[in-house]
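In the two complexes below, chain A is the common chain; its partner is chain B in one and chain C in the other.
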Partner chain A sequence: MIGRPMQLASRTYDVADVWAAQELYHANGWTDGLPIVPPTRDAVAACLDWAMMEPQQLVGIEPVRGVAITAEKLAINAIMAGCLPMHFPVVLTAFTAMLRTEFLLHGATASTGGCAVLIILNGPIRLEIGASGTFNTLGNSDRATAVIGRAIRLALINILEVRPGGIDRSTLGHPGKFTFCVAEDEENTTWAPLSVHRGLPPEVSAVTVMAAGAPRQIMNEWTTKPEEILETFAAEMRANMRHYSIWAGNYAIVVPQQLREHLQTAGWSKSDVAAFIFERARIHRREWADAGKGAVVRDRGDTVYGALESPDQLLVVAAGGPAGGFGAIIPPWLGHKSHAVTEAIGVCIDCEPPKA
Partner chain B sequence: MHDAITAERLKVPAIGVMTTRFVSAAELMSRVLGMPGYPFAVIPHPVSSATDDGLREMAAIAIGEVKRLLLRL
Partner chain C sequence: MQLQVLDPTNEAIPPFGELAPRLNSLAGKTVGLISNGKEGTKGFFAHLDRMLRDDHGVANVITRVKSNYSAPADPHIVAEIAGWDAVVSGLGD
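So, the complex of A and B:
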């Protein structure tokens, strides 16, 4: 608790009622097209108080344009998106991760490629905030994932001017640009959480961010063999390499319970899955000619390209409803330029303890 | 635009080359980078599917623009 009245720096506006507030936000381009929750002084202060942050505390600096991101501005956008104070640490951590150089935030938010920021949650915080990783996991599954993903988009719009036709030059974009947050279903799997595969200790809450294209859904209900199930995922990745981008990078695959159980029963871990996909998600450059892109095959038709530079580039996510032989691959925006980043929430891994 | 403006700040004369469809983006970037009105060269869009002859034309336009913007002729 910060034991004195919080001094917020942002300009305030007096409006007649909630309808006038909505019109103020729409008229100024401060929202994503949907209504917002008015970010009153008390609501913003409650968010900062929950995260034990001063309003002017620096969350980070956008590396290309040098724009400072303060806790206050992020909290305002979190409230607008519908966040409760308990959601705010996730928003903070996700934005911190996005500001890492390897994420290439400016490129990912400005590009004509039109990706969204996929946010994957791990650890106990999922249960504390009610983030669900089961039914409708890539859609409107629950309040927590909906508002956290939206907070990130509103923060991009309002703090970094990532508006369509402004900094955001997306040709198409995709629905995940409203909100794109998934909680891993750690309770219904024998697999280790994604955050553990990404190097964090078990039981640490974490956020992984990835500059991501739209999900591509697959189905294979007619086998229990891991190789056949995963061949369907690999085929969709190959399709993405043919139809969209040949470059390797962090792909995510979402494996719901029905297909997951076949893999787990056969003793396949996430590492086994990634090793198989690494071998199978490859195409020859000449295959581009089949998709109308013969002009760029040239004399390199025999060159083989992999979707992954190494198996650990694959983000294997256990999530989705209990029934249905479905899965999804989520392709990277520009995989060889923008890399997924995983950050622990509220703890510092490998930090030095404070000196006495 | 970012690279060109960074170069100018380092006292290195530079010209950004934009295709027509990116003119508004370039104007916005020069504004957010604190150099509003920074001039740049404009060539036709799109580049990636242009023929070799089309690329030569674009190069000629770019050279003309660069001369116009950098030199007092």
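So, the complex of A and C:
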């Protein structure tokens, strides 16, 4: 607790009731088209209090346009999205990760390619906030993931002006642009969490962000062999390379429990999965001609392109309902132009200890 | 029940900068073209180059291509702009 009345700097508006608030926010282009929770002083102050942040504390600066993002503005958008104070540290961490230069936030959010920010949660915070990684995990699975993903989108719209037709030049976009947050199902897998594969210690809560296209669902419930199961994932990645973009980058694959158990029973780790996919998700440039893109094959038809520059570019996520031989690949916005970023929540892993 | 609600936008957003003074004529000038490098830019900027020289008497047309079409122009390209009289920054979509 900061212990004194919080001085918020944002302009205020007096509205007659909650319905008038909706009209004010919609009329000003401050929403995603859905109703919002009115961001009152008390609600915003509670978010900041929970995260122990001053209103004017900098979350970061958007590197291309130089826009400063304060904790207060992020908290306002989190409340609008439906966040409770306990969700706010996740929103803060996700936004911090998105502001890393390698994420290329401006390019990713402005591009005609129309990606969304995929947020993957790991560690104990998932259980604290009730984030579920099981049924309907890429849909509306629970309150926490729904509102956290939405908070990111509203913050982009309002703080960075990423509105359709404004900074957001997406030709199509996809439904994940409303909210796109997944908690890994760490309780129902023998695999190490994604955050551990990305270099963080076990038991540390973390957020991974990725500039992501729409999920592409696969199905193979007619085998238990890891190579055959993963060949289906690789085939969908090859399809994405032919039909969307050939360039290598971070792909995510979401492996629900049924297929996961076959892989785990056979002793395959996430690293084994990534190594297999790295080898199999490759196409010849000439395959573009099969998809109507013969004009750009030129004299490089025999050149082989991989979906991944290295196995560790694959984000293997254990999530999804317990039954069904399904899975999903989530392709990158545009190859390696934007890199996935993993950030610990509420701790500083490599910080210098304070000097005495 | 009356509510007091907060502005969610970045009220402190800086202006995008000011436009340079407009030129009265392009004749004899140096014009830079900054391309994002997408496929569609090739024909577009080649045609614009010819138009500037043939129809407007531009002395020099300098074309530069960004190394990453989704990111701002590379610093070495931005540094060159000071030596140009006008610049066209275009998209290839």
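Operating definition for what follows: the second predicted complex is superposed on the first by the 356 of 356 C-alpha atoms of A that agree within 3 Å, B and C clash if a C-alpha of one lies under 4 Å from a C-alpha of the other, contacts with A are read in each partner's own complex, and residues count from 1 in each chain.
Just so it is clear, a residue touches a chain if its C-beta (ideal position, glycine included) is under 8 Å from a C-beta of that chain, and two chains touch if they have at least 3 such contacts.
Because the structure is a prediction, the values reported are computed rather than measured.
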Using the overlay on chain A, decide if chain B and chain C clash or can fit next to each other. clash
Touching A:30 in the superposition: chain B (first), chain C (second), both, neither? second
Just chain B (first), just chain C (second), both, or neither: which does A:165 touch? first
Could you say whether A:46 touches chain B, chain C, both of them, or neither, answering first, second, both or neither? neither
Answer with first, second, both or neither: which of chain B and chain C does A:86 touch in the superposed model? neither
Which partner chains sit in contact with A:64 here, chain B, chain C, both or neither? Use first/second/both/neither. both
Output check: A:16 vs chain B and chain C. Expected answer is one of first, second, both, neither. What do you get? second
Which partner, chain B or chain C, is in contact with more residues of chain A? C
Quick check on the superposed pair: does A:337 touch chain B, chain C, both, or neither? Answer first, second, both or neither. second
Note: overlapping chain A surface for chain B and chain C spans 64, 110, 161
So in the complex, which bits of chain A are touching chain B? 64-65, 110, 161, 165-167, 169, 295
In the complex, the residues of chain A that touch chain C are 8, 10-18, 20-21, 24-25, 30, 38-41, 44, 64, 66-69, 73, 76-77, 80, 104, 106-108, 110-112, 154, 158-161, 296, 334, 337-338
Residue numbers of chain C touching chain A in their complex, please. 1-14, 39, 68, 70-72, 93
Please give the residue numbers of chain B that touch chain A in the complex, ascending. 2, 22, 24-25, 28-29, 32-33, 49
